[in-house]
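Submitted below is the structure of interest, expressed as structure tokens.
Chains: A, B, C, D, E and F, in written order; residue numbering restarts at 1 for each.
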Amino acid sequence: MNEKIMAADNKVLKRLFNLDTNTYAEGAVDVKTKEMIGLACSMVLRCDDCVKYHLGKCQEVGLSNEEVYEVFAIANIIGGTIVIPHLRRAVEYWEELQNV
Amino acid sequence: MNEKIMAADNKVLKRLFNLDTNTYAEGAVDVKTKEMIGLACSMVLRCDDCVKYHLGKCQEVGLSNEEVYEVFAIANIIGGTIVIPHLRRAVEYWEELQNV
Amino acid sequence: MNEKIMAADNKVLKRLFNLDTNTYAEGAVDVKTKEMIGLACSMVLRCDDCVKYHLGKCQEVGLSNEEVYEVFAIANIIGGTIVIPHLRRAVEYWEELQNV
Amino acid sequence: MNEKIMAADNKVLKRLFNLDTNTYAEGAVDVKTKEMIGLACSMVLRCDDCVKYHLGKCQEVGLSNEEVYEVFAIANIIGGTIVIPHLRRAVEYWEELQNV
Amino acid sequence: MNEKIMAADNKVLKRLFNLDTNTYAEGAVDVKTKEMIGLACSMVLRCDDCVKYHLGKCQEVGLSNEEVYEVFAIANIIGGTIVIPHLRRAVEYWEELQNV
Amino acid sequence: MNEKIMAADNKVLKRLFNLDTNTYAEGAVDVKTKEMIGLACSMVLRCDDCVKYHLGKCQEVGLSNEEVYEVFAIANIIGGTIVIPHLRRAVEYWEELQNV
């Protein structure tokens, strides 16, 4: 689907996509921390697809189960019980990733 | 104001306040990272008071200017330009903290 | 300010304002319960002006301090700690109302 | 899924889940009213799973059709037409519950 | 589902549904512009069903591909990368509409 | 404040600010329509500073009072009564702009 969006050749969207990639690159803050931040923000904003994307990245950068759950905890305390259904789906997806 | 809320003796609110404190304690994820996560989540959820609170904590734990700005960048890319007015107030407050 | 909005004579806005009044009228659900619902929704949506409006109504219909705090608790558990700054302002306003 | 979350043994999440249960217990505000508040908040925050959960509870505590629709009405007036797709799913689920 | 909601005969909901229709009628602002506004608002509020509804209307009123993508771009810049999963689904649906 | 943010030399933020400017430039959709879209999105997302910014632009591009109120109406129907306090502040600011 990203290819189709790129093919539409809308400059603003193209640049936003590029910018998105740059945002999570190693910098003063390391990639692992940035992915934890991305995961927590996705969770408080209740975007399941975004949570899944960052969980995939969190596994790639080697986050432990305890670390992921502490990020989940921060997001659920900040965002409240309205976040719980997203937590359930996140836990389910995280388990899938561990079993691959 | 917290004292008045505590004095009202509502158990759910009291426990939520305690839980809030526990959430940011050192664990599998260190305090510095947790504060960056708290800052980013506060920013995407556009809560100026929460942003200020976490900026204060970020200074206490010794975050550099570059680190804080990278957290700001993540929050603004995730949350979009609607976050910019909150970024402005955050920058203003962060400068105040540096000059104390 | 409402008068100016009414004077602009936009039919959609006028009808929405009328509808808003009708929504909280006595019905299958009583006014007191409706005001508690309005208060909680205003709080989870983090609208200080709306919270103040419904707190005023809650006092008019005779809600006790314990009842108001239980509504606050539900809203803060559902909405999370991001709601706490709004809770503080709500508590402050509720105290003002009690002392009039 | 809750069992898996509990098994992960994250204290903050465990306590939040306990707190969630306590929040809706009988108190100064009765259970029926608390469930109406939970339903309305879930709807304005547009969480379908949360709406379903509270609709189940609303049926258990004996809410009438008229009462449920008045709660729906408050949530849709406060939250606007963006809530309508969630209203449709809520009505569908409420009908399922009535036919069991 | 709308018929069932209408059958429940809740006046507030009925009037809100009527008002919703009136809002997008030709006025000082033309229908085409109103539909672009409806589309953008649905996207920043991240309501897939609302986005689909307005995309259908946008096709009816003859919006070009370039116009639709510029509305997508505004919504994604304002709302941030959290909107991207909704953009993907919108692009997919827009393509379906073009191929009918 | 923007100067200070620029001075901090965070590339992601700088590019986002540039992108923001490009988004509202004349294209397949004209500037006037884009500003109406920006205004409506700012209102449903309940950002007073963003609403003010776009109201200023709306005046510059010559929007009539009737047009502005129809945009307000769309935003309030989509976003619900939670938007009303922001409508009040928008009307107040719009009047100030007219009297300059």
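Everything that follows uses one rule, which is that a residue touches a chain if its C-beta (ideal position, glycine included) is under 8 Å from a C-beta of that chain, and two chains touch if they have at least 3 such contacts.
Every value quoted in this text rests on a predicted model; they were computed, and no experiment measured them.
Chains making contact with chain A as well as with chain B: C, D, E, F. The chains that touch both chain E and chain F are A, B, C, D.
When the CA atoms of chain B are superposed on chain C, the rotation angle comes to 120 degrees (nearest 5).
Chain centres computed from CA atoms place E at the largest separation from chain B. Rounded to a whole number, the gap between the C-alpha centres of chain C and chain D is 19 angstrom. Our note on geometry: chain D versus chain E, Cα centroid distance of 27 Å, whole angstroms. Listed for chain C are residues 12, 16, 19-20, 23, 41-42, 44-45, 50, 69-70, 73-74, 76-79, 81-82, each touching two or more other chains. On the side of chain F, the complex with chain C involves touching residues 46, 65, 69-70, 72-74, 76-77, 81-82, 84-85, 87-88, 91-92, 95. For chain A in complex with chain F, the touching residues are 11-12, 15-16, 19, 22-23.
If you check the complex, the residues on chain C that touch chain D are 19-20, 23-24, 27-29, 33-34, 36-38, 40-42, 44-45, 50, 64, 66-67, 69-71, 73-75, 77-79. Contact residues on chain C toward chain A in their complex (touch as defined above): 44, 76-83.
The touching residues of chain D, when paired with chain A in their complex, are 1-2, 4-5, 8, 10, 12-13, 16-17, 20, 41-42, 45, 47, 49-50.
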